[in-house]
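After this come two complexes, each holding chain A, first together with chain B and then together with chain C.
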Partner chain A sequence: MALFGTGAIKGLMVTLGYIRRKPFTTQYPEEKLEQSPRFRGNTFVWYEERCTGCATCAKGCPLGIIRIVTHPEPHSQVGSDYHVDVFDIDTGRCMFCALCVEVCPYDALHMGGDFEQASYGREEMVISVEDLKAMPKKPRTQFRPQMEMIGHTGDDELDEHEAGRWSL
Partner chain B sequence: MIADLTRGILESFLPIGVVDILMPLLGIFIVVNVLLGSAIMLTYAERRLVARMQNRIGPNRVGPFGLLQGAADLLKLVTKEDLTPRAADRPVFLLAPVLFFAPAIALFAVVPFFRGWAVADLDAGIVYVIAVTSVSSLAAFAAGWASNNKYSLYGAVRGVAQLVSYEVPLILAVTSVILLSGSLNLQKIVEAQGIPFILVQPIGFLIMLVAVTAELNRTPFDINEAESEIVAGFHTEYTGTKFALIYGAEYVAALGWSAVIVTLFLGGWKPDIGGLIWFGLKTSAVVFLFFWFRGTWPRVRIDQMLALAWKLLFPLATINILVTAAEVLAAQALFSLEPGEALPVIALAVIAVVNIGLTVAVLALLSRVPGLARFDTQLAASAPARG
Partner chain C sequence: MNVIPDSGATNYDIEPVLLNLGPQHPSTHGVFRIRALLDGEEVVDVEPVFGYLHRGSSKLAEERSYTQVITLTDRLDYLSGMSNNLAYVRAVEALAHVDVPERAQYLRVMMAELMRIASHLMALGFLINDLGAWITPLMHMFREREKVLDLFEMVCGARITFSYMRIGGVSHDLPPGFDAALNAFLDDFAERVAEYEALLLENEILVSRMKGIAPLSGERAIECSVTGPNLRASGVNFDLRKQAPYEAYDRMNFDVPVTQNGDNWDRMWVRLQEMKESARMTRQCMAEMPDGPTRTPADFFIRPPVGEVYSAIEATKGELGFYLVSDGTIAPYRCGIRSPSFINLTVLRELCVGWKLADLIVNFGTLDINVGEVDR
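Right after this comes the complex of A and B.
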């Protein structure tokens, strides 16, 4: 026969047991959680060598926030007769749907894994072509899961031959 | 001891009349400052403990292990803008936090810290405790009414309903202790505890614990602050220093009531070795109980709260008094004691055995009541699930 109050004590014992357990909290600036391979951060990885300047990504963008300006330059890059002068991606308005990555016929654009891009103004959130060139080449595998088949987890650098559904 | 030493030092260069006035003031000064300091540390301790119960870490940024969090919070609150709503009843609105804080501190005047030492060794100490703490409920109502805010008023009205209900079983539980010790003086009550009264009066202790939780507006009886229902209850409109006073008063009061529970049921400063250590440890243990309750149980509904007070605690406390009175009378007849004389340890031991048996029987009986059994199961299921 149970006594009145055993339920209350049972409840208390549960929380007492919790005190001895390790907290789940991640101490963010010091500790960071591992991202999944298909994580979409708010940066982009762009392979200049794969890009033909076709601007399919700009057309595919539902928000129209990608602006591409090119000029003809025969045989400047592999498979391309155009040189990309401007490649502005306004991440301040981007919704990270990764449709630009999906439509890219040459697998030149990928989502990046970085998520610490806070800034004081919307203008600073525009990624320029210089920024894109300088970004670490660590593509996430959103819409291009074929990259996982060579053991890529999104954390290591891939060169332009490895990034994509086929090599150049 | 230390008091005599200080007295000796002061008398070496001051006239005796001045020293007589100075000594109590010095005692008050030390007690109040230690209290304020521990209230600040308690806010930190509660946040850390409850956090661990919820698998979090809690404040750990300010100072080593976040130890300075309380000080940082206090600084923040004191430097904040001091707002008074335009529609508020200004004098009452300003008075309420002070009125709320003062009784919490005043409670400690009669608590015996050592053998033979309290700031004021009143003969009617326990009456003073109950009288003084009732003022804080008035202050809470004044705060809620003067704020001229509907949430404040809801909180204030709930608070009054709760305090009126729980003051009754609380006083009845205290009465059973008075019957046993034969004195209203807290010092004498401690001395009468050959066996801690928690063993002699288990039901009285349980009633006291529940009633004090309600008296302190702590979870599961925090319905008059109920942040998920009525913003912050009676202190919704308070900011800055005034809020700091109210917030601090709750912790000082928690400390004060814990000290009273220790004095009444856990043997106060006994065993009389190591000075304040035992008293401090016991008080901390009771304070931990309140933190533990908060980390575990959800808030009760207002009807559950009232039903618990009037349908369970009040009859139980009344029966407890009758039983205790009969036991004390029997003991007095057996040992041929004068009324008001402390009971010998053997009598207390016999009463303890009888009362513990009775407590188990009562708890078994109560588990047969469908409503209570359901309430109990809810308390068990309410604890955060293992995940």
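Right after this comes the complex of A and C.
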């Protein structure tokens, strides 16, 4: 039986070895870690030009927090062109599961990478269609292998032609 | 030596004290409450009280489509979302007779084993935290878990709520650059495990606090339906990955660590060894993974035929089973969850009675409960 305490000292030597190493932690607000291209942030990227107003995303959402109101464009054929009047996503209840992104058949909705979305009230957390239009078009590659193929990392802007499986 | 001064009286009139541990107690791993009856420092009786984290997952599942329920399973045992996903989608696949491509099977095994590493790291870290080695070892283990979560973020975009598995496969193939990241992690991890062993296994305080404390016999463990590392620490070699291999486990080379004493030390040791085996399996998956599709196309609103199924996997904490009843609609008629944490709690009382209060915290810690899974 070894002398009582030698095991503990052996453990302390491990800790002592850490003096020479660089810290693993980052000082968050000053330094930021880089997100991977598929990272699901707390925002969405929506391309008005690609969206047909089919509301598949609203059906696919497990929580039913997407609200879509559309009206048909004048002089358009049935089922082709709808104008989206309301596209509310209540991010206060959203769990950022990306099921809405997965089911969108026209690649109009994508996850965004921003995660600093604190606000002072629940109402401010609802993303309206104006907010969606104004948001920077930096989609993440979650469920979008075509973006990975062109080497998109989620940091650059993509226009509506590059974002989809096919150009408009 | 008797430290109580002898006042001449021979019969102390001692009343047991009822002590509430939790629900907001740093060592109860979430919102879990233990009512302990104490005679001095000795535990006379223990009653776990739970329900503080009840979210009604079973009921919520009844009004969501089969694919949407995957998001609920992430939140059962929030330290091992991948295993929960896997258990659930396997149940749906059995119900709807969906085949899984081979590449997806390997991906599932790989993710489940990485998840096991992350979950056991947390179990060990918090256990040692409870033992009084305040935050240092926990932070070492958090660092490794962080790297596993980074890998998960590369694959599925989330760090806790993965929703990675899908009915008929997995949602994403591996991203470019994943091999290198995984190999870097595994190389580093082997060193780190050696470091944990140097840090922990010879420490006299740990040894004296854990060796021989609260033993659980194999027979008693089987009687109480204990599963997972807790069962294997008691000398019962039962692991669903070996006994009823699912996905690609029949092609994996791995040993199941089993110890005989069933005390706190063994329960910790088994977890430490399982992490090594998991790392080995992850490496093998990476090497042997075939090319091909990762998903059999299945409807988003899949309608399995009328029937019922129970399907279980070896999750990080034990046998995690899902009991699903389908009435032919898009949502399950019933979704029952056999959660290992909840059933392993059966033995909490006998592990603690007769030991000191300070041991209660450790016994509870070695059982490795996750409250999200206890309350569901």
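Simple rule for what comes next: the second predicted complex is superposed on the first by the 152 of 168 C-alpha atoms of A that agree within 3 Å, B and C clash if a C-alpha of one lies under 4 Å from a C-alpha of the other, contacts with A are read in each partner's own complex, and residues count from 1 in each chain.
We adopt the following convention: a residue touches a chain if its C-beta (ideal position, glycine included) is under 8 Å from a C-beta of that chain, and two chains touch if they have at least 3 such contacts.
Small disclaimer: the values here were computed from a predicted structure and weren't measured.
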Contacts of A:Leu16 with chain B and chain C, given as first, second, both or neither: first
Chain B versus chain C as contact partner of A:Phe24, first or second or both or neither: both
Partner contacting more residues of chain A (chain B vs chain C): C
Partner chain in contact with A:Cys97 - chain B first, chain C second, else both or neither: second
Which superposed partner A:Phe4 touches (first chain B, second chain C, both, neither): both
Touched partner set for A:Ala134, first chain B, second chain C, both or neither: neither
Which superposed partner A:Ala118 touches (first chain B, second chain C, both, neither): neither
On chain A, the residue positions that both chain B and chain C contact, one per complex: 4-8, 10-11, 14-15, 24
Sites on chain A touched by chain C in the complex: 4-8, 10-11, 13-15, 24, 35-40, 60, 62, 95-99, 102-103, 111, 140, 142-143, 145, 148
Chain A contact footprint on chain C (complex, rising order): 64, 67-69, 71-72, 136, 143, 146, 150, 153-158, 161, 163, 171-173, 175-176, 195, 198-205, 207, 300
Touch list for chain A against partner chain B, complex: 1-8, 10-12, 14-16, 18-19, 21, 23-25, 27
Residues of chain B defined as touching chain A within the complex: 49, 51-57, 206, 292-293, 295-297, 360, 363-367, 369, 372-373, 376-384, 386
